[in-house]
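Pasting the structures here.
Below are two complexes that have chain A in common, paired first with chain B and then with chain C.
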Partner chain A sequence: MDEFQSGEETSFVVDEVSNIIKEAIESAIGGNAYQHSKVNQWTTSVVEQTLSQLTKLGKPFKYIVTCVIMQKNGAGLHTASSCFWDNTSDGNCTVRWENKTMYCIVSAFGLAI
Partner chain B sequence: MRQGAGLGCGRSRCTLTASFLYTQIVKDRMRSSSHEVHGTEPMDDESFAEFGRSEIFTLKTSMAKIRYANTYKMEPYRKFQAHLVRNKAQHILTQRLQETKYNGATSSFLCNSISEEILTAVKDMGFDRYKYVVTVLILQKTGQAIKISSRWVWDVARDNWVSAKCETESFVSLALIMACYYE
Partner chain C sequence: MGEPLDRPAPENTYSLRPAFQHKFRSSAVKECIHAILKENLANVQYNPEETPELTRSLSETIKDRLKAEGFHRYKMVVQVVIGEQRGEGVKCTVLMALSQYICLAWLHDVSGMLTLTTMHRMFL
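Coming up: the complex of A and B.
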């Protein structure tokens, strides 16, 4: 009889995801200046940490996480995303983080199964 | 009373300077890094205020998520073919960007329109039951370094991704297309 969505929260919650991303960024590159030799390691760790925390939420979602780290040099960067999905269940969250020497942009997309 | 007021004033002045110093310290720390959040949440209209009981029942049943019967299909009829999509995306990028120069004002519009064009092209290819995420980046060349990495949690047998790159003298552009099968 009860066909409503009750009890468990199974939709994409932007606040939750943005906190996870912010924590991952802070712990991986928190107080560091840009270093070419370490960037590889940083991007991998940001992405891996975000993804593992997202999967720990235990929601029935497929996740795609993209991280861009760019040195501050006065250059311009534009990104755009378009998505073909179900508006009622899927969502995305993008966090733009910067410090004195670099920019870091992390996007997380969640697609319901 | 007066003494009490005087004491209170003194203490509050101390706490004022202490709290001011604290906020300065916190601001200095925060100034070294800043962040911004953007996101889109799934639309979920649940405002049921001021409805009668019977009205709530009819509303809820109409708004409840429609659940379809199982199709017992494990594979799509037409699976995502990466080579076709890569060729098409490469073609779109080179066609639209080969002759242009980087321009800060128009690049964001260009970025948006290219990602929409790639999305419609991929949808027209007709792979059934797939959800797509298309990301386009346009990056000015000024001798800086950039690192782009992506990871995902998905079904390796059915989901796939494709990337296409276009490089000119003044900028580099990258398109990432990810396709996820919707069971």
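Coming up: the complex of A and C.
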């Protein structure tokens, strides 16, 4: 009887996902200053890029990616997430990035099929 | 000699989609989340010390309440974002592959807080 693959190929590897997210953020908003009119486009671009790279990994996962871009203005921001899933196979990764004018927080959740 | 009787073939019983009665009701979930947010954020002001704990406990409460609703064979992810509303822009984009979500934004003009709650679920 064929065993399902287990190990690297079917687990959520945090480092790998974290790198994917960092690259997506750099390429979408790398050298830019906060601009209210462009933020929608930036968040969409970060999320789409992250998601397409994640699906290219070819793992049997469903993904959820969220991105929050916030202007540096002294205001506070808090995020929390609560998950009901299988601890052995599912995982998440959150990357906090900033430059002089804005913060960008991207969370990626991977749920094994 | 007669031919052997055809054995009835076993039917597939593993369902890939939820039965109609168990189908996820997004309106019910929305009501539930709305009630929890109302209960917890009614008179709360933004406070840098207390808000992190509030965010965390809100997401736990919502997850536990939804678990208790009894959605069989569903995995779920609840995310709560609370930002201080100081007049600047907070943009949030959520995109997912092969999942369904419910998103609720709760804007408090009085207390200066913007709360965004997203709940994703996946059928196992």
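One rule holds for everything that comes next: the second predicted complex is superposed on the first by the 105 of 113 C-alpha atoms of A that agree within 3 Å, B and C clash if a C-alpha of one lies under 4 Å from a C-alpha of the other, contacts with A are read in each partner's own complex, and residues count from 1 in each chain.
Just so we're on the same page, a contact is a pair of C-beta atoms (placed from the backbone, for glycine too) under 8 Å apart; a residue touches a chain by one contact, two chains touch by 3 or more.
Computed from a prediction, not measured in an experiment: that's the story for all the values here.
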Query: Between chain B and chain C, positioned on chain A by superposition, is the outcome a clash or a fit?
result: clash
Query: Which holds for A:I20: it touches chain B only (first), chain C only (second), both, or neither?
result: neither
Message: Let me test your reading of the model: by the given contact rule, A:A28 touches which partner, first (chain B), second (chain C), both or neither?
response: neither
Query: For A:N99, is the partner it touches chain B (first), chain C (second), both, or none of the two (neither)?
result: first
First (chain B), second (chain C), both or neither touched by A:V65: both
Field: Which of chain B and chain C A:V39 touches, first, second, both or neither
entry: both
- request: For A:F12, decide between first (touching chain B), second (touching chain C), both and neither.
  value: first
Message: A:G91 in the overlay: touching chain B, chain C, both, or neither? Say first, second, both or neither.
response: first
Field: chain A residues contacted in one complex by chain B, in the other by chain C
entry: 36, 39-40, 43-44, 47-48, 51, 54-55, 62-71, 73-86, 90, 92, 107, 109, 111
Field: In the complex, chain C residues that touch chain A
entry: 46, 48, 51-52, 54-56, 58-60, 62-63, 66-67, 74-86, 88-99, 101, 118, 120, 122
Chain B - residues contacting chain A, complex: 32-44, 60-61, 64-65, 67, 102, 104, 107-108, 110-112, 114-116, 118-119, 122-123, 130-155, 159, 176, 178, 180, 182-183
Field: Of chain A, residues touching chain C in the complex
entry: 36, 39-40, 43-44, 46-48, 51, 54-55, 62-71, 73-86, 90, 92, 107, 109, 111
Residues of chain A touching chain B in the complex: 3-5, 11-14, 17-18, 22, 25-26, 30-31, 34, 36, 39-40, 42-44, 47-48, 51, 54-55, 62-100, 107, 109, 111, 113
